[in-house]
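Some notes on the structure that comes next.
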Amino acid sequence: MSFVLTAIIMFAFWLLLSGEFTPILLGSGIVSSLLVAYISHDLLFGNARFGVLAGRFWRFLLYLPWLFKEIVVANFDLVYRTLHPKMPIDPEVRNFQADLNTDMGISMLANSITLTPGTVTMEAKSDGSFTVHSLVRGSDAEDMERRIKRIERGA
Amino acid sequence: MDLRVVLAGLFMAAGCFFLIVAAIGILRFPDFYTRMHPAGKADTLGQALIIAGLIIYWGINLVSVKLLIIALFIMVANPTAAYALANAAYASGVKPWKKGEERK
Amino acid sequence: MFTAAALVVAFAAVLVLYRAIKGPRVYDRLLAVNVIGTKTVVLLALIGFMYERPYFLDVALVYALINFIATIAFLKYRELGRLD
Amino acid sequence: MGGIILDIVLLFFLVVCALAAVRMRDLLSATVVLGAYSLIMAVIWTVLNAVDVAFTEASVGAGITSVLLLATLSRTRRGEAGFEDAPRRRVVTGFRPGNLVLLLVAVFTFATLVYGSTDLPDFGDPEAPIHTHVAPRYIESAYKETGVINLVTAVLASYRGYDTLGEATVIFTAGLAVIVLLRRTRE
């Protein structure tokens, strides 16, 4: 299943870059996307079943608007702290344990933490332990963890 | 003046503002970890806004799909690169700056 | 409009270059070069529109990929002390 | 106008990068700065409308060269000789007659090159010899004869196909050599 999906995505990318639809170009596109998919299909999706993946993808789309809002808020906060003459920052490093169990969920949380207000991920292990550097004391990421858990499990 | 051109201009101006702020932040902040914040956030948003402006200007076709892919890729890759950098620095024992210390 | 934006982006890249040269740590330099790389991608897209040659976007796309890979390669070297 | 200022900013960036890379004593940092140099250089190629060269600069200059330099560093040492113990040697200042001769040679070469460049045709001049000889024929018949849409690709891969085959062989051999050299040997 992941093989077919990867091949389709690769072929779509090929079409996008070439923009031409002659038989020889289409043919070499099909051959090379099959080859790439054969070599690397386990990297993109892992071994989850199609239904689970589709559900996750849909819930991820629902998560995006909230993420964009947070990114904009984060940036205005950052602009304030950067341009203020006294630079009101007070960095700290914190550890916490997130209850996530797919690699995709963990990397998604790590990237979301980096993009949202006041925090950058410093370390994320596959058992879900995170180390976070925050610009201001007392920023937290629990709300976000809950949302990503919902994407992962579908609850 | 077309409304779409004005909108594209606004988006690009906002993007330029965030990119400049990111540059200033990278120059001004006291240590490596605090510099991650402008590099990971303001830079990502700035480039996304500029590319969004270009998409608005150009309308929907093959070119704007390419632009969209560039923007999405940077939005995934930039925080990942920032994370990889922070993680490497942390693993090699670079100490974070605390308030009141001298700038590095 | 595109020219002005391209100028601003190039100027921001020059500002960040100061950090790339000054350091003090190699991580600061890497961070700066990574940021310069992102700005380059945007700059390429803008230049494509500036001279009305949007096919430059292919170069911008390749850049976005290479910039990421180069950063990861540097970090792998720093972490392991070797590349192989 | 704006284009000229952009060119000046980019060229300024290049010069600063080059000077910094030469003056740095930490070779790892110099490699990083050279990466920035390659990125901007490729933007300049793009401004000059040489997209294929920009592609090469991006992948070879910023990508492969950095990786190869890193691989070399990982096999040798990170600093120039004496980098670890002495933070920075003072540059010896003072007049030496030999330096004056070198300066004269450099200035003379520069002046000659500038003088020579005044006779070159303008950039993008349609009447330049390079544009009146084979280029019109390629532009006219490349699509008919080869069926390739991109003209540069048609010239490189079709009209000069044997050249390109030779180049590809060289690059392939170099790649093989790199793999052989970098391969981890089992103890």
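Chains: A, B, C and D, in written order; residue numbering restarts at 1 for each.
Criterion: contacts are C-beta pairs under 8 Å (C-beta built on N, C-alpha and C of every residue); 3 or more make two chains touch, one makes a residue touch a chain.
Every value quoted in this text rests on a predicted model; they were computed, and no experiment measured them.
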{"item": "Comparison of A-B and C-D by number of C-beta pairs in contact, larger one", "value": "C-D"}
{"item": "Geometric centre: closest chain by C-alpha means", "value": "C"}
{"item": "Approximate Å spacing (C-alpha centroids) for the pair chain B, chain D", "value": "28"}
{"item": "For chain C paired with chain D, centre-to-centre distance based on mean C-alpha positions, whole Å", "value": "17"}
{"item": "Rounded Å distance, chain A centre to chain D centre (Cα mean)", "value": "35"}
{"item": "Sites on chain B at which at least two other chains make contact", "value": "24, 36, 44, 66, 69, 80, 82, 91"}
{"item": "Touching two or more other chains - residues of chain A", "value": "17"}
{"item": "Junction residues of chain D, two or more chains touched", "value": "none"}
{"item": "Pairwise touch network: line, ring, star, complete, or other", "value": "line"}
{"item": "Complete list of chain pairs which touch one another", "value": "A-B, B-C, C-D"}
{"item": "Contacting residues of chain C [partner chain B, same complex]", "value": "1, 5, 8-9, 11-13, 15-16, 18-19, 24-25, 27-28, 30-32, 34-35, 38-39, 41-42, 45-46, 49, 54, 57-58, 60-61, 64-65, 67-68, 71-72, 75, 78-79"}
{"item": "Chain A - residues contacting chain B, complex", "value": "16-17, 19, 71-72, 74-75, 78-79, 82-83, 87, 89-91, 93, 107, 110-111, 114-115, 118, 120-124, 131, 133, 135"}
{"item": "Contacting residues of chain B [partner chain A, same complex]", "value": "18, 21, 24-25, 28-29, 33-34, 36-38, 40-42, 44-45, 62, 65-66, 69, 76, 79-80, 82-83, 86-87, 90-91, 96-99"}
{"item": "Residues of chain B defined as touching chain C within the complex", "value": "5, 8-9, 12-13, 15-16, 19-20, 22-24, 26-27, 32, 35-36, 39, 43-44, 46-47, 50-51, 53-54, 57-58, 63, 66-67, 69-70, 73-74, 77-78, 80-82, 84-85, 88-89, 91-92, 94, 104"}
{"item": "Contacting residues of chain C [partner chain D, same complex]", "value": "3-4, 6-7, 10-11, 13-14, 17, 20-21, 23, 26, 29-30, 32-33, 36-37, 40, 43-44, 47-48, 50-51, 53, 55-56, 58-59, 62-63, 66-67, 69-70, 73-74, 77, 81-84"}
